[in-house]
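Below you will find the structure I want to go over with you.
First chain written, first letter: the chains are A, B, C, D and E, and each begins at residue 1.
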Amino acid sequence: MAAISRDTNETLIASRPPPTPQGGMVSWLRTRLFSGPVNSVVSLVTLLLIVRLIWPVIDWALIEADWTGSSRADCSGEGACWVFISTRWSQIVYGFYPMAERWRVDIVLALFFMLIAWLVIPRLPAKKIAALLGLVVLPIVAWVLLLGGLFGLPHVPTRAWGGLMLTLTIAAVGIVGSLPLGVVLALGRRSEMPLVRAMCVIFIEFWRGVPLITVLFMSSVMLPLFVPANVEFDKLLRALIGIMLFWSAYMAEVVRSGLQAIDKGQSEAGAALGLGYWLRMRLIILPQALRLVIPGIVNTFIALFKDTSLVLIIGLFDVLSIIQAGLTDSAWLGFATEGYVFAALVFWVFCFGMSRYSQILERRLDKGYQR
Amino acid sequence: MLRPSISIPRRGRGPLWRDPAVRSLVFQVLLLATVLGIIAFLVHNTMANLEARGIRTGFDFLDYRAGFSISQTLIDYSSNASTYGRTFLVGLFNTLLVSALGIVAATIIGFLVGLARLSPNWLLARLAGAYVEIFRNIPLLLQILFWYFAVLRSLPSPRQSLSLLDGFFLNVRGLIMPAPELQPGFMATPLALVVAVVGTILLVVIARRHQAATGRRWPVLPLSLALLIGLPALVFWLTGAPLAWSVPELAGFNFRGGMQVLPELVALWMALSIYTAAFIAEIVRSGIQSVPRGQTEAARSLSLPGGLTLRRVIIPQAMRVMVPQVTSQYLNLIKNSSLATAIGYPDLVAVFAGTTLNQTGQAIEVMTMTMAVYLSISLIVSALMNLYNARMSLKER
Amino acid sequence: MNDRQQGAATAGEVTSMVEISRLNKWYGDFHVLRDIDLRVARGERIVICGPSGSGKSTLIRCINHLEAHQQGEIVVNGIPMTNDVKRIEQIRRNVGMVFQHFNLFPHLTVLENCCLSPIWVQKKPRREAEKSAMEYLERVRIANQAHKYPGQLSGGQQQRVAIARALCMHPAVMLFDEPTSALDPEMIKEVLDVMVELANEGMTMLCVTHEMGFAKTVADRVIFMDEGQIVEAAPPETFFNAPRSSRTREFLGQILGH
Amino acid sequence: MNDRQQGAATAGEVTSMVEISRLNKWYGDFHVLRDIDLRVARGERIVICGPSGSGKSTLIRCINHLEAHQQGEIVVNGIPMTNDVKRIEQIRRNVGMVFQHFNLFPHLTVLENCCLSPIWVQKKPRREAEKSAMEYLERVRIANQAHKYPGQLSGGQQQRVAIARALCMHPAVMLFDEPTSALDPEMIKEVLDVMVELANEGMTMLCVTHEMGFAKTVADRVIFMDEGQIVEAAPPETFFNAPRSSRTREFLGQILGH
Amino acid sequence: ATLDEVKSRGQLRCGVSDGLAGFSSPDSKGQWQGIDVDFCRAVAAAVLGDPSKVTFAPLTAKERFTALQSGEVDLLSRNTTWTASRDNSMGLTFAGVTFYDGQGMMVRKDLGISSAKELDGASVCVAAGTTTELNLADYFRANDMAYNAVSFDESDQTAAGFDSGRCDVLTSDSSQLAALRLQLSDPDSVVILPERISKEPLGPVVRQGDEQWMKVVRWTLYALLDAEESGITSDNVDQMRDSPKTPDDARLLGKDGNFGEQMGLSNDWAYNIIKQVGNYGELFERNVGADSPLELERGPNALWSDGGLQYGMPVR
């Protein structure tokens, strides 16, 4: 039998620091980019691609671009002409909201962004209060302020709304409305009552099966056919309801996947503690399920946000439609690229922000209760 | 002992309304009544409103002459002879065409980008990541418009067409290319293709037998590719290339002859596939990452090399996760193709729920048919998906 | 202690805490429990064992109506089980249950786990609920972890929290379904110790377990189940030393074997 | 049997199957393995035990390079471990590994699981690979389940398939990482039985386990690890009856305690 | 009935084009401008006494009839051609003609084309769901020519498509062509061909079966025409009301008779229209005529007394 160098070893071998890995730029490049012939070629091709693709864009959008001025004459034509955007800035933000009343929009937007900041910045305390303010107080304040007609504020009809404020309104209402509806549908789809389940399935599959633009078309021009004569709905309200119903179906499927992932034992433990169905859902199942599907929920939010651009098809002037309307201005023909790029940027900033935030949130929550 | 047919013979039942069975029954009946009530209400209103406003109803209009022309028709259609019913089919086929093209391209791009994101090459992984973040977060409508204008702007007028290959021209009207015109004797070539397919199947079977007996493998993939391409090509050449081409030529404004790919189609196709590919890439990445680490470790400890591990162990398992999600992206793509209406590609929504609706004014019928089409596509695909899931799901106890 | 009183009030002078008579249960066509008769006296400690699939879990899950039975009667702390939702909730308040996989709520802290039922079901003020919960956590020697999340605890600690959570309802009877079988060997002991203590304090207990050491130490009766019926029920000495049924003997041979 | 010969050919006349000297490994800054020296003779059966986190798994995972080490040398069946991919694959062909969670391929049948490596790595004809796989499945007494999928088997059966799968490579040495700790008590025995048989046939084995019965029956040497080092290594009699180190004694007290 | 609904609502809902210079388009302040828009205002002035009480619903060509049928709008004033099928089978009624138009074609000058007959094989940009699209098919078939239609949703897009070279020809009602021409990057590089390939009487549309409302709309148009014929303008209307020149003027302006009340309006309905919106001539000149960028001739839209087709029925 082989000799053993040490039979016992009572003395503790001290923990040593690891041998220093050869660091530095060169080693980083070698391992990450040029770790073999294939890899090197791939790196070079990629680099070439980036230079060929990205550089002209930067050149056009930043270096050769025109930034200041007030009319078409200020555009040199070599790069992008952002003057087109800056002259229309206020329309892009406020739409046709009356000049004198725009301070109301400003307040709402300021509150909105402040609340977002509160929710996003981890150091700030009392997130629950912020969420409550965001879900209950802000909508009421925004509704009173934007619509007016109360407290001596002049009434501003929704058809005067437009631009970014409209986009944000539609997105926010859609998001706040579709989530609870989705939760109810998801619970319904998992219900033990066959009729409830069947109805939820039909509802969900219907909305998931048809394109949103047909829904918007129906809600914007055909709705009066379905309701008694004389009943009136605001056009914006109709778009909102259409969007909410449409996305609640998607939300329901996301939530359902979360519900499915929760172990049956959780519900049983709740029952054993004497909690009834609704308490069990509220205190045990939903908090876990929703947390689990945060990525899915945020993805749905993002999709919803992007699809607000479709209200263009029904004649509401959101960011995109306002810019498109501007493109037909005969003083500013030929700036479609700038217009679309800018609109894309607006949407991108919001969507990317949301997706990043969801990733951070997910990580933060994970850290919370795992070792 | 047999299960009793009537259960729960227990003493001291509580009041009826506290019995869960009774409760659930009452609740369901109430819910059903409410839903039926709402439906009846809507139907009643619609009937009354249609009546009151003297709007014509029924599907007779489908037999009326359409009288407008459509820029892309995959089936026979002429503005002076075809009916509105025909416009429905034309639109449907155009929708299916762009969807099919989009699905193929999106899948290929999506898989490549998804794999690139997992590449050990830092630069490539980052580039793929940037691709996903950019295209996923911009509304599709914008991307369609952007590509349309980018395509239109970068292409020359017909007179200055770019001549790519012989008979291929690219200009702002689209890609114009020769159209094949079959000559007698051509049928031998497709026949040869059929033979090649059968041959390939045989080859695979024999190769498997060979492996089972000797352990040696044949290079099945290159062999079968050679067979599939080579044989038809050989037959085609031997039969004297019995295929004439209708070569496009510039006449007056446009090219005559040949086939044409519309720029609307190209822009829509690009936008749909680039956009959807960003989502597919994410699915591919997370699908591969969802296979537990233990699987890779087990494969390694069996000394399977990396490529084999991916092909035999990781991808088959990742597929199960990916396929349902990718399918729902396909469905989204099909629904999203309805945005064609923004750039004038003649899809179902543009042609039928657009022009035909406007010429006939029969909104209810037209919208119902349109929604039914999308709904059926979605339901059919879902049904197929369930079938797939049932067959592919891991066998459990 | 209002619900204990409440339970007692309905029941008058009960001596048997759980009374099961001619209980039958089917899953579909599969007959899981066959004519079970069982009477558990106040303060009695019962260990149930038997091969896998013999219906042990099903039996104790019937006692707090996690599973519905089709025939027979169950009376818990004087309250007969019916289809009445109120009645079921009343019974559940009298019965604490500890699961094999703990089933703690991972999104709540240990303390919140324990206070959930007192606050929402028994409508106690939060402060009082927390105080009482801390006492129970103390008793299972885990009070110092009260503000951690279950995911941050070891298996043994989690199971002790699960016990404390059940105790916080002041149940009249505790059910344990293989409470130690999901634990690493090193952690089994700490959980068993807590259970032994509990038994010594006079808690009525029904415990499904294969820990025969535990059965010997605390059980008043050991029940052996097989194929859905109670095959043998005897005090531990008789059970281990002179099992009457051949099936019991076979089973004991396997369990104590390796 | 070509790779065994191949291994042996490279190695000349080796008597020690695994030779580890002054092995050190870090996870980031954390020093998991500290100056490990270990020599396993051909046919030797070694059981490794120690508290959780002591580096047992890491050690055996280093042996087939599932983890890379930073310092020290490992020689397996005469093949020294380098960073060369070919070399690593060669070593892996000499080493069979059985994981705690089986890690069977769920999309392949039992037989396909076993034939994967013989067909694709050793380029055996399928027929021959299947025949040999069936023999091993026979040996672990599961041949009748060959065409089922892993998900359709019990844990114990799955682990036996995992053992057969590893054996199909005709490895020179087998590594086991807590092969029974994810199993229900009733299934532990069937897996241990197979392992005992294997040991009796003279297979070289390194086994991380807390099954002390198994250690007593088959181990030539029991190794106790703590904090990344080998604290004590001795034949089972000495190890269990007269542990020299106080840390070993403490650990044994815990494990055999309840 | 629609009239009562509008009155009780206090707002007229009017469907207009979502962007067509001279007919209806929002200016940079978001105010709607154009002859179609002004007609809506005239109806609002007649019914509610206030031309600002209009809610404009921008509609694409495809949406317009559905929106009117469904009751989404009370009145469609969206350069819509009066045709038999629309009047008879869609549950709609045309109330009159606000603009006599004809379909024309626009091509780039550098093509060197002077007649529509030379367009064989051309690609044509056209707005989907219009009579234009149908006329186009008829015209090319009648002249045995081939063409390639590229149909866009909205007229803006047809112009953009034409501008980018997607089509050789842009076709539309010639008044629209004049408007769309202004949206091109170089308006001077194109010509409008002389042929008018169709008759395009454009007018306001209401739902069928509401005689009263149809008459209100129709008489609003007549009031505009009568005012121009009598020389009543928004500037001199007060004066004319105080001292009407003719009995006709007195009846029109509500000084004599109760013609407004017969319709369910107030008697100063026409006064309100003229005072606050102007007469037909003013509308025309301001939006599409000499005072506008479009600079269209009156042509057939001149009064009958000037050799045109516009003819207001007498208020009597």
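Here, a contact is a pair of C-beta atoms (placed from the backbone, for glycine too) under 8 Å apart; a residue touches a chain by one contact, two chains touch by 3 or more.
As the structure is a computational prediction, the values presented were derived from the model and not from experiment.
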item: With subunit E removed from consideration, the chain sets that still hold together; value: one piece
item: Joint neighbours of subunit E and subunit C, given as chain labels; value: A, B
item: Labels of chains that are neighbours to subunit A and to subunit E; value: B
item: Chain at maximum distance from subunit C, centres defined as averaged CA atoms; value: E
item: Per-chain CA centroid nearest to the all-protein CA mean; value: A
item: Pair joined by more contacting C-beta pairs (A-D or B-C); value: A-D
item: Centroid-based (C-alpha) most distant chain relative to subunit D; value: E
item: Approximate Å spacing (C-alpha centroids) for the pair subunit B, subunit E; value: 43
item: Cα-centroid distance, subunit D relative to subunit E, in whole angstrom; value: 88
item: Whole-Å gap between the CA centroids of subunit A and subunit B; value: 26
item: Subunit A-subunit C separation of Cα centroids, rounded to whole Å; value: 47
item: Two or more partner chains touched - positions in subunit C; value: 85
item: Sequence positions of subunit B contacting 2 or more other chains; value: 49, 52, 149, 153, 341-342, 363
item: Shared interface positions of subunit A, touching two or more other chains; value: 217, 221-222, 224-225, 229, 336
item: Pairs of chains found to touch, sorted by chain label; value: A-B, A-C, A-D, A-E, B-C, B-D, B-E, C-D
item: Touch list for subunit D against partner subunit C, complex; value: 52, 181, 184-186, 188-189, 192, 210, 213, 254-255, 257-258
item: Partner subunit B, residues of subunit C touching it in the complex; value: 24, 26, 28-29, 31, 34, 68, 70-71, 73, 80-87
item: Residues on subunit B engaged by subunit E in the complex (per definition of touch); value: 49, 52-56, 67-71, 79-80, 149, 152-153, 155, 157, 172-173, 251-254, 256, 263-264, 341-344, 346, 350, 354-355, 357-361, 363
item: Subunit B to subunit C touching residues, read off their complex; value: 1, 3-4, 7-15, 18-21, 23
item: Touch list for subunit D against partner subunit A, complex; value: 15-16, 24, 26, 28-31, 34-35, 37, 39-41, 44, 70-71, 220-221, 227-234, 244-248
